[in-house]
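Both of the next two complexes hold chain A, though its partner changes from chain B to chain C.
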Partner chain A sequence: MSNLFDLLVAGLATGAIYALVAVGFTLLWQTSQTINFAQGEFVMLPAFLMLAAMHAGAPFWLAIILGILLSMILLGLAFKMLLVDPMMRHGVLPLAIATMALAIGIKEAVKQFFSAEASPFPSIVPTGDVSILGHAVSLQSIGVLVVAILAVFGLTTLLNRTSLGHQMQAAAQNPTVARIIGVPVERMILLTFLINAFLVALASLLITPIYLAKFSSGEVLGQAAFIAAIVGGFNQVRGAIAGGLLIGVLDNLAAAYVSTQYRAAVPMIFLIAVILFRPQGLLGRAEERTV
Partner chain B sequence: MSGFARPLKIALGLIVVAGLIVIPMNFNRYGLFILSQWAVMTIAAMGLNLTLGYAGQVSLAQGAFVGIGAYASAIMTTHGWPLPAAIAAAIVLAFAVGWVLGYPALRVQHHYLAFVTLAFSTLAFLVFRNESWLTGGIYGISNIPRPHILGIATNKPLPFYYICLGSLAIVSLAVWWLIRSPWGRAFMALRENPLRAQSLGIDTRRYTLMAFAIGSALGGVAGALYAPLTQYIDPVPFNLSLSLDLLMMVIVGGAGFYFGPFLGAMIAVLLPEWLRFTEGYYLMLYAIAVMGLLIWSPTGILGILDRYMAARRTKAASALRAVAKSRLETAQ
Partner chain C sequence: MKSTLLVGALLTAITTTGAFAQTIKLADVAELSGGGATVGTNWKNGIDLAIEEINAKGGVLGRKLEVTHADSQSNPGVARAQVQKALDADPYVLLGPGYSGSVKVTAPLAAEAGITQIMGGEAAELTQAGNKFLFRTSFGQQSSMPKVAKYIHDDMKAKSVAVVWVNNDFGRGGRDVVIKELERLGSKVVADLSTEAGQADFAADVGKIKAANPDAVFVYLNEEESARILKELKRQGVTAPLMGETTLIGQKVIELAGDAANGARGHVGLTTDAPVDLIKGFRDRFSKKYNYVPDHNGLKGYLAVYMVKAATERMGKVDSKAFADTLHGLTIKAADEPGILMDVTFDGNGDIDRQSFLVEVVEGKQVVKQVLPKVK
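Up next is the complex of A and B:
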């Protein structure tokens, strides 16, 4: 039983990170029909920005702030203005392909300008274990969970409790009507891109100490977040959170109880089943959009 | 006007084909390998173009079908079967699996379909990697023989390049015929307006499955040629990124245009090679080129040409109209 408990905690911790990435993914989809195939690379890049800042002599806390700011400029503002805006009106597919190319570009740029080797990354949480209910739980898992929960809580509060959040939701659900009642739709879309950039930078900060900083680490992560978003419900923030946690736990349990060789198959089979029997996702609404 | 354009087009086509036959004769080994790879990838991309460009069904699994074809061909030819038999088996196998994969397309569309096929792609990769009794696992299958055609050994790069080119020609003609047949029209009807297609009596269910199965079968053909081309296969080339690359080829070339896959494969296979002089930067430049192209023309390279031709045709038509109008006025 103690094994199961450990697996659950570890699964929830990775799942919480998946959830952060998946939430950003669904936000982009909702406001601009962007399927961002570079989302995994978006998580990989901020860690390298932070590492670069530290190499330039900045202390860790300053590097974190610089890394998050730079991510918001590059992965939020520049991504939207240079790639998404010119392509948005041409439909989902060309833009999705362009983000695939962007993923290649980011990977290669990191490989070329930084390193092809994995680099260690400092953790914001001290290493060590604490005892909970007689089980040793690593502080890192707890730290990841706490930060992720706070971020998600902050985001849902913003979306559901503030005027700004309501405007964002209106802009996502019905841009035309939102524009008529005076919501600055363009600014709201930009805001979701900035929030996505912030979330991926945060995810990067949480996951890189565990898996090291490597140019190729975005591939697996992007796919996991992708699956989490669909399983939970492509058009629901809370769906993405549930999906992320579920995939994280499922992945860890599959590794232990199914087989290490086929652990990656379990979320995939789950994904196919969800799409076939409940295409709107576990928590999602049936989609009314026709695109 | 079109009567004048037609011989011109045929002449241009003949020049390109002659060029593809004659020019590579003094290419080195590597150049021939890259060109053969272009031919093979074009076949796979043509299959995807049929599924996506003509029938409008998004698939992120074409790479998996190339893998299925490659493994079928590698396993059979290393056990002494001739390559044509292996190609036939690859076609049948990929067609059958493609047919089954088409079933989700009857239920879900667009991005959901993309995700189902994406998941399938990952599952296929896991099978290639883990079922080592069949596929050799991570060690793969080596010493894949190249065929003897009409008593001529194709171990040298040039004869095998001609096999790839010949296969491409056969596939091209078959696809050309298919998209002009009632089937091709039914595929396009499926893409443009499935509801209306159904009300016109087109069995949309059957044609959706067909679009998947035929597109996948062409992926199988490409794979069956890929195995003897590289003479060694392991699971890595058939992971998700091959499916994404093939999708990129189709979109960049121009989805739904007959010549789209040829150009798309050229860009995806040859452009990185031409950019190699930039050393570590070549894939970065390639990515930037693809993004730039898509921003400029989301319908791909042939989309640019198409728009230009359409603009010229409207211009010509309005010029004719103006002439006719002035004639009418002078007559009055």
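Up next is the complex of A and C:
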């Protein structure tokens, strides 16, 4: 039983990170119909930006700030201006394929300019245990959960409680009408790209101490977050959160109770079941969109 | 005029052939680029250092050694092509490659050509295919795992052991031997956990170890995964002693895992930190020549060349066909041939028996705690 508790905590911590990444997926989809297949690499890259800053002599806290800022410029602004905007004209599919190419490009660039080998990455949470309900729970797991929950809470507050958030939602739901009533739709779309870049940088900061900084570490993350987004509902932020947590827990339980060899298959089977029986996702709403 | 030219040309030809006959040609195929670049570069530098030393002392049986290096790009396919090319030049002995996969695909070529191959691979199966021309420079799993099991049972006094292994040829090979040996000695394997190569998340695996509550944990993964599981073991507060092989306590693992690596122990066949004077001397000469401290692959390359020297001097002639037969069953003593660094015996399969070391990570440094004697 204590084993189950440990697995749940570890699963929730990993799931919270998946959720951050999955939320970014859904945000980009909602506002600009961008399916970003490079999302996993977007999580991998900020860790290397932070490492590069540290190699240049910056202390860890400064490296984090620089890493997040650089991510927002590269993975937010530049990604939108240089790849999404020019490709968008040709439709959703060419854009999706372009993001796949971008994923390969980022991976190879990191391999070329940094290293093909893994690098250690410091943790923002100190190691140690605290006791919860008689169980020793690592501070790292708790730290990851807390940071992720705060980020998601902040984001939902922004979207639901502020004028800016309402404008973003309006721009996502019906850009034409939003434009008529004076919402700066283009700026709102850019904002979602920046938010996505911030979220992936945060996810990078949380996951890299556990997974190590490696050029290929985005593959697993991107896939897990993609599944989480579809399972939860591609058009709902809360769906992506639920999907992320669910996939994290499911993955850990599968590894423990089914087999490590099939751990990757279990979320996939779950994904197929969801697509068959509830294609809009667990918390998503059915929508029709011409693409 | 014409005839003078002809005579001149003939003379040149004769003298050049004569000069070639004086040297003993070795061919090296190693991982000089790609993922195994560290392995191959150390191996190559070890070879070059040994050849330089031997030639400075007058060579082998009065003849100088000469080596050509070819790059396998850490790719078995390229390794095969390079070995074929090297064999076409009819070398005395083939050195390398270092990766077991590359050895596996090239060994049949060398055997067919009747050329002895001295390599760096450690997978158990390599020397079990009946190849009479293949020799190791380090322990195969069938030599190292019994030592590991004995240490877990005798020194760690573990009655129950959790075995974590990576699901590939390397991991499965080691797991099979160690579990057999542990059970033979009377230590119970309470958890037998397979993990995937490249696995990032070890929370579930460590959870299972915790639930099994073993006296010791044997970890047999590649370097990066070793670092990840060490961190996770620390994170979940597993206190059972950890035992592994070179891959658990290597410098790269210590760098990646940080203080989570402290206390981990491992069996190491070759290490430049060994408390052996001849190895210390090698380490000094190597560091002086190349400006860095070699890993065990540097030692392997160095030993490969001294194996060539010792066996050739035992035969008393340079005979590539009889070379393998001479090396089988041969014991080379460090007292007679200091270049071999430690006494070593080759068996009929090309496997080696040699003393080895028990290393513990103490405050981020490898410390040799114990010297484990030769098996026989």
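Methods note: the second predicted complex is superposed on the first by the 291 of 291 C-alpha atoms of A that agree within 3 Å, B and C clash if a C-alpha of one lies under 4 Å from a C-alpha of the other, contacts with A are read in each partner's own complex, and residues count from 1 in each chain.
One rule holds for everything that comes next: contacts are C-beta pairs under 8 Å (C-beta built on N, C-alpha and C of every residue); 3 or more make two chains touch, one makes a residue touch a chain.
This structure is a prediction, so every number in the text was calculated from the model and none was measured.
What does the overlay on chain A give for chain B and chain C, a clash or a fit?
fit
For A:Phe37 in the superposed arrangement: first (chain B), second (chain C), both or neither?
Touch status of A:Phe37: first partner only.
Once the structures are superposed on A, label A:Gln261 by its partner contacts, choosing first (chain B), second (chain C), both or neither.
In the superposition, A:Gln261 contacts both chain B and chain C.
What is the value, to the nearest 10 degrees, of the angle subtended at the Cα centroid of chain A by the Cα centroids of chain B and chain C?
Approximately 70 degrees at the chain A centre.
Between chain B and chain C, whom does A:Glu108 touch in the aligned arrangement: first, second, both, or neither?
In the superposed model, A:Glu108 contacts chain B only, not chain C.
Pick one for A:Thr156: touches chain B only (first), chain C only (second), both, or neither.
neither
In the superposed arrangement, which partner chain does A:Asn174 touch: chain B (first), chain C (second), both, or neither?
Once the two structures are laid over each other on A, A:Asn174 reaches no partner at all.
After superposition on the shared chain, which partner residues are touched by A:Gly11: those of chain B (first), chain C (second), both, or neither?
In the superposition, A:Gly11 touches chain C alone.
In the superposed arrangement, does A:Phe226 touch chain B (first), chain C (second), both or neither?
A:Phe226 contacts chain B only, not chain C.
Who does A:Asn3 touch here: chain B (first), chain C (second), both, or neither?
It touches chain C, and chain B stays clear.
Smallest separation in Å between any Cα of chain B and any Cα of chain C in the superposed model?
Distance of closest C-alpha approach: 6 Å.
Does any part of chain A touch chain B in one structure and chain C in the other, and if so which residues?
Residues common to the chain A contacts of chain C and of chain B are 261, listed in rising order.
Going by the contact rule set out above, which residues of chain A touch chain B in the complex?
35, 37, 83, 86-87, 90-98, 100-102, 104-105, 108-109, 111-112, 223, 226-227, 230, 234, 261-262, 264-265, 268-269, 271-272, 275-276, 279, 291
Using the touch definition from the top, list the residues of chain A that touch chain C in their complex.
2-3, 6-7, 10-11, 14, 116-120, 127, 129, 136, 138, 140-141, 209-212, 214, 216-217, 220, 251-256, 259-261, 263
Considering only the defined contacts, which chain B positions touch chain A in the complex?
For this pair, the touching residues of chain B are 58, 104, 107-108, 110-112, 114-116, 118-120, 122-123, 126, 129-130, 240, 244, 247-248, 251-252, 255, 280-281, 283-284, 286-288, 290-291, 294-295, 298-299.
Looking at the complex, which residues from chain C come into contact with chain A?
35, 167, 193-196, 198-201, 203-205, 207-208, 210-211, 224, 227-228, 231-232, 234-237, 252, 255-258
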